[in-house]
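Per-chain numbering from 1; labels A, B, C, D and E assigned in written order.
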Amino acid sequence: MPINNYILLSIALFCIGIVGVLTRRNAIIIFMCIELMLNAVNLLLVAFSKMHARAALLAGDVNGTAGTDGQLFVFFIMVVAAAEVSVGLAIIVMMYRNIHSVDVNFLNRLKH
Amino acid sequence: MQNALQIVYLIPLLPLIGFLINGLGRKYLPKPVIGVVGSGVILASFILSVWVFMQVKGMPVPYIASYFNFISVGDLKIPFAFQVDQLSSLFLLIITGVGFLIHVYSTSYMHEEKAEHFGRYFSYLNLFIFFMLLLVMGANYVIMFIGWEGVGLCSYLLIGYWFKKTEYNKAANKAFIMNRIGDLAFLIAIFWIISRVGNVNFSDVFAVANGEVEFRKFSATDITVITLLLFIGATGKSAQIPLYTWLPDAMAGPTPVSALIHAATMVTAGIYMIARSNVLYSMSHITMDIVAYTGLATALLAATIALKQNDIKKVLAYSTVSQLGFMFLALGTGAYVAAVFHVMTHAFFKALLFLGSGSVIHAMSGEQDIRNMGGLSKKLKITFWTFVIGCIAIAGIPPFSGFFSKDAILLSAFVKSPLLYGVALFTALLTAFYMFRLLFITFTGTFRGTHEQAHHLHESPAGMTLPLIILAILSIIGGFVGVPEVFMHGGDRLGQFLAPVIKPNEMHHVSHSTEYLLMGLSTALVLVMIAAAWFKFRNYQRKEETGFGKVLENKWYVDELYDKIIVQPLHQLGGFFKSVFEVSVIDTLVNGVGKAVNYGSRQLRLLQSGQVGSYVLLMVLSMIVIFAVQFFIRK
Amino acid sequence: MVAFFLIFLPLLTGLLVFFIKEEKLVKGFAFLSSLATLTVSLLGLTLFKAEEHLQFTAQWMQPLGSSFSLKLDGMGQLLCLLTAISYPLVFLGSWNSSYTKPSNFFALMLLAQAGLMGVFLAMDALLFYFFWELALIPMYFLCSQWGGERRIQVTFKFFIYTFIGSVLMLIGILYLQSKTPDHSFSLRAFYNLELTTKTQSWLFWLFFLAFAIKMPVFPFHTWQPDTYEQSPTPTTMILSGVMVKMGLLGLLRWLLPVLPIASYVWGDVVMSLSIIGIVYASLIAIRQDDIKRLVAYSSIAHIGLMCAAIFAENKSGMQGVLLQMFNHGINIIGLWIIVEIIERRFGTRKISELGGLAQKAPAMAIFFVIIALANIALPLTNAFAGEFLMFNGLLNAKSNYYLWFTVFAGLGIILAAVYTLNMIRKVFYGEVNTITAAATDLKLNEKLALGIIVVLIFWMGVYPQAMLDVTDNFSQALTERIDISHLFRKK
Amino acid sequence: MNALIISAILGVVMMFSSILLKQKGAVRNVAVTGIILLILVNILEMGGTVFFKVNTRGMIVFDQFALLFNSIIFLATLIYLLLSAKDMEKVGVNYAEYFALIFFILCGVTLVSSFKSLLILFLGIEIISIPLYILTGSDKRNLKSNEASLKYFLLGSFSTGLMLMGIALYYGARGTFSTVIDPLITVTAKPLLISGMSLLLFSMAFKVSAAPFHFWTPDVYDGAPTVFTSFMATIIKAAVFIGFIRLFDDAFEQVQSTWRIWIAVITAVTLFIGNITAVFQQSVKRMLAYSSIAQAGFMLLSLYAMNTEAKEGLLIYAAAYCFATIGIFAVLAKMSDYTFDGFNGLSKKEPLIAATLAILLLSLAGIPLTAGFLAKFYMLKAAIATPNSLWLVIFAVLMAAVSVYYYFRVIQAMYFKEGSTSSSTTEFSPFFKGAMLILAGLVILLGLFPDILVNWLYF
Amino acid sequence: MNIIQILFWFLSVVAIFSALMVITSKNPVYSVLWLIVTFFAISGHYILLNAQFLAIVNIIVYAGAIMVLFLFVIMLMNLNKETEPQKNRWLKMAGAVAGGCLLLVFVAALKGAGLKDQEAMVNEGDIGLIKNLGKELFTTYVVPFEISSILFLSAMVGAVVIGKKE
């Protein structure tokens, strides 16, 4: 599969995530869109890892570990994402407790 | 013998010491002591001057006493040096001699002043003498300039001596500032000389001018520029067109001051300077012409104004301006000796006239308007007679001193051009007319003042009359040092005396008969004018001036003109700069930067809307821009 | 060591003064300190004239290419002497003023002195910049804390203005340093640089702006009248008497010799600005009613002349400027002392509200007249020789417009007479009014301070050569360095 | 390595200290002792004593630069704790946890300063960020704190996304996450690399609050409890900067010509926005937030120049900036009124505090004799050595002049304005005063002799 | 077009469609569900790329844990209605346009990325297997692995700090 396909797919998902961040005002959905962006990155990383694995294979490196680092990175991203989600949701909940809303447009005490 | 002259520094130093004693001790010394010290130092200087005068007689080259380096930068070395030669020694005599008399006169005249102010007055006078001596003794233009500005300062201080009167102070300021304008030209001339000669010693400058120095030379332009600038300097100090208006106003000072500074000495500094620089002037015909015509124009203008003045001192002041104009005429026609001669005689008779007027004012308790006088001859006999002598001298009736000097000037004017002569003669006639007008209005007819004044009228004390008498005698005989060749073989002693400094004039080619004719003509016409004045003014009655007379009374409105075209515009400009340009242009620009920052701050902070969405949007937009530029433009 | 002590003494005493509480003690201590500094300065002129005493070098910021190197050259001697003389005079002249928190006031004054000395002595660009700012900071606090009503804004404007100038200069310094072969900040290294005309040109403006603001030269001057007006008078004395000389020193030591070509190329522009400034400031001074502002504008005019004379680029001009730097400082301090007395006694600085002081306070009048006349460069007063040489320099300038420059600058002389005499007339002459009726004459300390100033005025007026000799070598070397005629000859 | 492990352990220790120690003072003492320990082990490591020999496979390299930087950061943290630890009590009940989070953050800082792999950078940044989200929101009842926390979290996660995309593209182009580049290998997929570089640039710019990615900064700094703002604005910012400069120095050296211009633009914009916006602020805290943006702009100059001097300078800048800002925030935390007027007349009430504060402000403004000047000086010196940089340098100093405006407003308030009638400050303890004095002394010492810091680099 | 390509395109279309649905759904619960669909599609891609370990982890961690957490929170807050008021239309448009532009720019930038002949190995290669990954993780990547524990610790502490009632 041409790597460009994966790049385009990831970029598309990534940009959809960004559009979500831009257009939604529900903090949770914004956060979900960010998760979507992370997943786009994950996909790209895996695709690249396979690309590099193939390149290494073609170069004659038969039992090399080329490309594993990409997939491991994805693993770490997931780890971090999990941690982030726990903290993020905690913050959102705390926010909700105080103002009974998760609308980011209410976040305008701090400005100028 | 020459080494003995080393002590010439005492001549200016003594008045300086007098100044210090009187200035510092004015609160502690009694008036007589102040008077004695003030006059005494001048007397000592005078004696020394006489001694110096004796020494320099026939001395072929000037004696230069150098004391220390005043300013020395690179090649430019300006020593603090005095030059003693015939010209300066003559001036020394005039300054210290007349100065001494006026000091003596002042002790009486200023007697009513408080001791403190009395001391101040004498310290100023002494200081003036000091600077005047510096002026004439300086061996280079810079020392001369020091004296030049110094006398201006003293003039300023003395005009504003009665400092409570705002008008007087304004007159003092005017004098100083007008002088400063001239001084600036003088300064630039000095710089010009430095740029061409490398220093400012008279000897060096004249040597270069005479072509005695290799490598250094004046071009014709240089000469013209330098001489013109020096002349402008002289117009300031010697009250010539266009800078003459300060002198009449300067009469605000005490009368002895007018006599000393504004008649006998300071105002002649310009003549001295040009006479001193005669080598340079003789090389530039343009300048000479300008000097001559300016002098003549001034003489005429001032004479016309003097015709209608009613303040006794103002008349004398304009007369002084006019006489100074004569001197410049002489200078411009190359008759340097005649000019110096006239300086001397003028010092005698004009000092006499001023002192006489002082005596009158003293008697009239400060009244200066001649319309309120009349018939004073009965009460003030000595004053009257000495005044008459002064008037005759200035009018130019032989054998009084004024005749000879004025005649010499007229003659040189005649040689140059009959037109000059004609106008000069006319002016001389006007002089006779207004002087006798003054005399008759003041001293003849009936008294027109108040009762109180009439009651108070008295002859002045001896301290005042004695100087009058001495000056009267000098006014009578002073002319004999310059009796022309026609009258006496070996005449023109003055010219011979000054010969080492001022080369005798070669163009003196007038036949004796012509000379006699001219003298007779002028004398006759002067007598006619005196007679006219007698008939017109012996029984003067006050009346308003109209028409042309009013223009003259108002001095051709020159002061107003200056005010309109120079003073006011500058004043306005200053006001514009101060309250408009400074505030709304420069400060606005400067503060504008601050305001712009402030405004920018106020607007820019609105970018910080507080909305997460807009933050992300802005971030994304900038990312787009950077990517777009990166990949589509920069490549 | 002399150089070191000139900075160290005021610095140390300044820091000590912070901890003295008693006002009398503070004043006395500060005065003694300033006298000690003066003594050191005089020793540097007389007993310890040898090179090794006048130089001081220590390691400092070695990796940056800088060192703590001080040297008293001719100009340094002159300006340090000025600084050293002015402080006792200022303290003496303002002895009767009392301040809240006197210890802070005097401590800051002394620290400013240390900064000024440093500026005058530094032979290393970084060090120079350090002191340049250090002199400014105490001044900022002094003016803002003890000044008049609008002091905060005004001083702040002054501070930011000069700060902008100095940071631009910093860039110039940094650039020059990056061009030196051994990446050094030393003056010598800067002098040895050979830069293209273009580079010199923009560097020139970076430096010149800093100095122009400091001096100040038209049109960068607007901070100055305000600051002078609002500052406490002792500070104003230092500001106008000594501090503005920093700008001139900058031109003479850090601009002209480093960037000779640009200085020549832009000389006409700078001279034009300066001379416009002379006439402009003088005309404004004529219309001023506030004595402080009047003196401030007169100072702008004087400085304008000095700046113009510097760019005449000949020895006469240089010597004149150097001499005048000293004399202007002395004179203007004298003027301020009297202005302060007037302000303190009558509570007004308005010329129109004063009058007739000569009757009530003759001594004050005499001192003022003498100093004012010295300020307008009357012969035999100190300013004459300086102005004489500067004008001579101007007329002999290499510029094509030298005559115009001379004439217009000369106009300044005349206008100076106008406003000075008018001020004297209005303040001292005439009849007394309700405000001035109760005037008293000078106190002893004031007389003493003014007396010293007057003595200096006459001494320097009659024998200016004494000072000219001090700076002779310096200006000779400077004129030789900035002479770029050999460049033209090659072509 | 010492510091990394010890700080992690300390974090755990602090977690438990809340259970073991009832006294808040004791907790504080443990924390201070811990930080001193950290400094010690770090300095020991600089001398070559490594306690933990761990094979990091080249992903983490503690070189002299990183170690020196860590020392500075730990020192700053020590000062921070000494000055502000007590004020944390006011924030909330989880006193010990705050310290735990701070130590975890320090752990992240050591990673960011010494990474040789993007993975470590990523983890380091996250270890720094996640506790910060918490600390920002730690004043739970305060809506501003909530808001700041959520904004920070959302925007921070967004930037993490950008960063990860950048890393992914970098990986695509290079085939490795290592930043140690073999200069012989040329990258064929240059657009990929440059896109990745750009995204990393954006995200790092976000973390150091460089414009136009700075928008979170004022709001978050303003909303966060002041004690933590202090920590964020100084130590964290400096740490991320070190990461930034390491990243671009190592990984993207080959494409320097591409990013240099963008750094220049970002620098200029950052300086402009930071300084100009700060001018109009009424709250000192918010002013300091903008000022931190402005200071970041100056620090970016080191990135722009990227030479030896720039790196040395960044160390000094970090130190100077941290010391000064921590001190100011420490005083600010004790004020009841955060507006400029709140400082009115402080010099009368607390002359010593006012004086030290003035010195710190002067340092921030870049006045000579203070560390702040030398820091700026280094930056300018480094920048001017690069060609065609004059416009940027001139712009920078002009903006520095603008910065004088707002810093001096505080000085003006303290010294030249009359204070309000009611005492707007809490009492300053003698200990606090002493610490401030030492801090001011440190700032001046560093301003006079930067060598003492820089020389460590060449041990 | 072989089966792999068909699968690729199918999964891609599903991923993008569901992603779009995530951001357009009014109801947050739907968004969550669509996001889970996206994650499944991405997991499908992982399997396609022979990265089985990640595919499983993705489903377990993301779809299983994280999204449930989201759902839980949404339910907790009672946000399962279409409560979101209309955001400023212009801002929304601007957001969409900006996102679109970003996509365009990205695509344009990466199109000529110089990877024309590069392909991702599909359905072959064993690096994505748990054995290989595990070995790498606990040898080469053990340090980052340990470090991530610090991350978790801090997140834990953080969650406690935030969550604990005072």
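Points worth noting:
FYI, a residue touches a chain if its C-beta (ideal position, glycine included) is under 8 Å from a C-beta of that chain, and two chains touch if they have at least 3 such contacts.
Source: prediction; values computed, not measured.
Traced through touching neighbours, the fewest hops from chain A to chain D number 1. Chains touching both chain B and chain D: A, C, E.
Greatest centre-to-centre distance from chain C is found for E, with centres as Cα means. Relative to chain A, the most remote chain by averaged C-alpha coordinates is B.
When the interfaces A-B and D-E are ranked by how many C-beta pairs touch across them, D-E comes first.
We define each chain's centre as the mean of its Cα atoms; on that basis chain C and chain E are separated by 71 Å.
Between chain C and chain D, the centres computed from C-alpha atoms are 42 Å apart.
With centres defined as mean CA coordinates, chain E is found 5 Å away from chain A.
Work out the mean CA point of chain A and of chain C, and you get 65 Å between them.
Touching two or more other chains at once are residues 119, 123, 126, 130, 133-134, 137, 140-141, 151, 154, 158, 169, 172, 191, 194-195, 218-219, 405 of chain D. Looking at chain E, residues 87, 91, 94-95, 98-99, 102, 106, 109-110, 113, 115, 118, 140-141, 144, 148, 151, 154-155, 158, 162 sit in touch with two or more other chains. Counting partners per residue, chain C has 160 as the residues that reach two or more other chains. Applying the touch definition to all chain combinations yields A-B, A-D, A-E, B-C, B-D, B-E, C-D, D-E.
Of all the residues in chain B, the ones that touch chain D in their complex are 597-598, 600-602, 604-605, 607-608, 610, 612, 615-616, 618-619, 622-623, 626-627, 630-631, 634.
Interface residues of chain E, counted against chain B in their complex, comprise 87, 91, 94-95, 98-99, 101-102, 105-106, 108-109. Contacts from chain D toward chain E in the complex involve residues 8, 11-12, 15, 54-57, 59-60, 92-94, 97-98, 100-101, 104-105, 107-108, 111, 117, 119-120, 123, 126-127, 130-131, 133-134, 137-138, 140-141, 169, 172, 188-192, 194-195. Chain contact summary for the complex, chain A toward chain B: residues 18, 21-23, 25, 30, 104-105, 107-112.
Per the touch definition, chain B reaches chain C in the complex via residues 68-74, 76, 116, 142, 145-150, 153, 156, 160, 163-166, 169-170, 172-173, 176-177, 180-181, 184, 187-188, 190-192, 194-195, 570-571, 573-575, 577-579, 582, 586-587, 589-591, 594.
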